[in-house]
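Below is a structure I'd like to ask you about.
Lettered A, B, C, D, E and F in written order, each chain numbered from 1.
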């Protein structure tokens, strides 16, 4: 197999592995929901954010999720994605405390409403976790 | 000195120390620029973001600057503050590589224009660093 | 009837005709929902966006709906209006494919969350269409 | 009791009184909802927005609520907080007419969707008022 | 002259008078700058925001400028217009203190960067005033 | 050459051709400005927006530029990119009239300030065109 061929297959495959590890079931649901309306977009979602960006070595996954949770809280108009990433944050080893700290800090940069709505989104995700597996503050590899 | 008295003085003092350590000269300039128009606002800036939030123990300063750089890049309308925080990121031990990774990742969450403008802001700050002290990728305590 | 008199009546009348043709039932519902709280606003909505802007000859209605669908997707905080305009897009002759392409493209300018939420809004509108009249990809005059 | 000690206690106490007067039950609900996820954030919410800002003498409460209702309508991504502040506006003596005028004006600065969504939020709050106490257009001290 | 004819002429005339009174020279400059690229847009600007909205009786001009200054500060991406409206605020009788209070309050709803950039914009306008007429805190009719 | 290998090379090559055709010199400048700070990001910019999205057959280039100009005007925080795309719009066959119509329409969806700032950006680009080649309203293939 040539270098480019390996390269090309692995963007999608690399992306699928990263999506599965980071976003877990939340990510799978998003991809499935696109099947009937924009299947190509599901492919782009796997290839670019996950295959290209999340797999880059220069920044660890915990820091990446801190960045994403911060941005989505500040933007204030992407609650579904913020919930997926609060879950993702727990999956890559952030504690609930750390996630809550990131969101609270957004009161400084995007205002109290953005931080409040971010906290309410995180609250929903944590509640589902409690019903589920009870694996709150355990760092995972 | 009573507990509350100590508490009250230390919000401002704690904030000043944090501002100085994290934002360095950039932060001092901002405070000075408010003296004639809104001196109370300079006090709030020191007390709440720095005295209250940045001093909280639940999240380290490097992660806090990752969160802030991400949010300001995504918001796209706060270039002066983003530059202060790129500088702050270097001050608390982020490498240029890490800062650039955070900003690039914002292409996924806020689009390519936001990430491009963030990169151009970082580029200006790095250039000033080169003219100045040449202390790019050294982690500082 | 004098020129100005004709001019003045026709902003509202022109607007009503345009609103009816472009937004269809979605537009009527919005106007009705304003009756008890801000009836003047319903009048402004008909007169300025529809009477003044949408009736201008320099850009065709299909292009106008492309522009609006793009903007509302990018802004990410106007889902009700985006749904009205996805419907409007179909009314003025855009195909579902074209609408989906516009929304996907917004991943580049406003990020993947904005595009995803736009696709989910379009999906809801298309589903209602299927239950209704089955007139998906037919260009209308 | 020394000056600073009085100062420190009164930020929180001052804030609680202001929150109670201005936001009424809406504000209490927000504070309560934070108890399990971020109790410190509830304290910041009381101390900074209400203890520091809303208690400042340079601008009266009616003008402060006009500013907040305008900003939240323009931002378009904080509907829960906008509803709290429409209620707060009534509490500090704004009439429904005045609140509706502020929101409509946002069509000029943030577009018709932002103004529409603001009007729908206000409509919900006014409806609850009617079911409740019938104290619409009475200015209160 | 018929009622509609008077109505139609007076939207533009009413708007011109309001624009002149409220925005002063800032408004005239904006209209002039549109002459070569979009003269119709200058007409819409005079007719809708000023002829329709600002002339409405339900909210006084000082409150209208408080709302606009708040919204533009919160949005953070319209510095030229914010400066025009800080000037307009002074023209309709707001004091510098009141304008600064509105902008500072936006730290709560849109974050400290938005408020800081708003204060810097106001600072520029106040400086021009000092060079000009020295009429800072005098309420005008 | 295998299918995947051809596929992989052509994302970048396809993207380069599209970038050159659509954005012209503006696009080349952006890529060059990234060389020292984030060369990988220049590659992503060529591959995803241009190689993947702009090359898709479901929507013509003129419609794509209408969508982008609308979105960037509405967002209001990406003036450099808006100017590149006003130029791009002319490159793919939009007339100045059409571009101005798209931007004016954004007054409805994002407010008058966003539309004004968009018009001023377009004005700068048109002025450079006049100094250059004098090819305003000619549709190009």
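One rule holds in what follows: a residue touches a chain if its C-beta (ideal position, glycine included) is under 8 Å from a C-beta of that chain, and two chains touch if they have at least 3 such contacts.
Remember, predicted model here, so these are calculated numbers, not experimental data.
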| item | value |
| --- | --- |
| Intersection of contact partners for subunit B and subunit E | A, C, D, F |
| Any chain that touches subunit E and subunit D | A, B, C, F |
| A-D or B-D, whichever has more C-beta pairs in contact | A-D |
| For subunit C placed onto subunit D, the superposition rotation in degrees, Cα atoms, nearest 5 | 120 |
| Interface numbering overlap (same over half, different under half) for subunit D and subunit F | same |
| Centroid distance [mean C-alpha coordinates] between subunit C and subunit B, Å | 42 |
| Whole-Å gap between the CA centroids of subunit A and subunit F | 29 |
| Centre-of-Cα separation between subunit F and subunit C, whole angstrom | 24 |
| Sites on subunit E at which at least two other chains make contact | 40, 44, 48-49, 56, 72, 74-78, 81, 100, 104, 106-110, 112-114 |
| Topology of the chain contact graph, where touching chains are joined (line, ring, star, complete, other) | complete |
| Touching residues on subunit F, where the partner in the complex is subunit D | 74, 106-114 |
| Contacting residues of subunit D [partner subunit E, same complex] | 48-49, 53, 56, 58-59, 63-64, 66-75, 78, 81, 97-98, 100-102, 104-110 |
| Footprint of subunit C on subunit A - complex, ascending | 30, 33-34, 36-38, 40-41, 44-45, 49, 72, 75-78, 80-81 |
| Interface residues, subunit D side, partner subunit B - complex | 2, 4-5, 7-9, 40, 44, 48, 52, 56 |
| Residues of subunit B that touch subunit F when the two form their complex | 75-77, 100, 103-104, 107, 112-117, 119-120, 122-123, 126 |
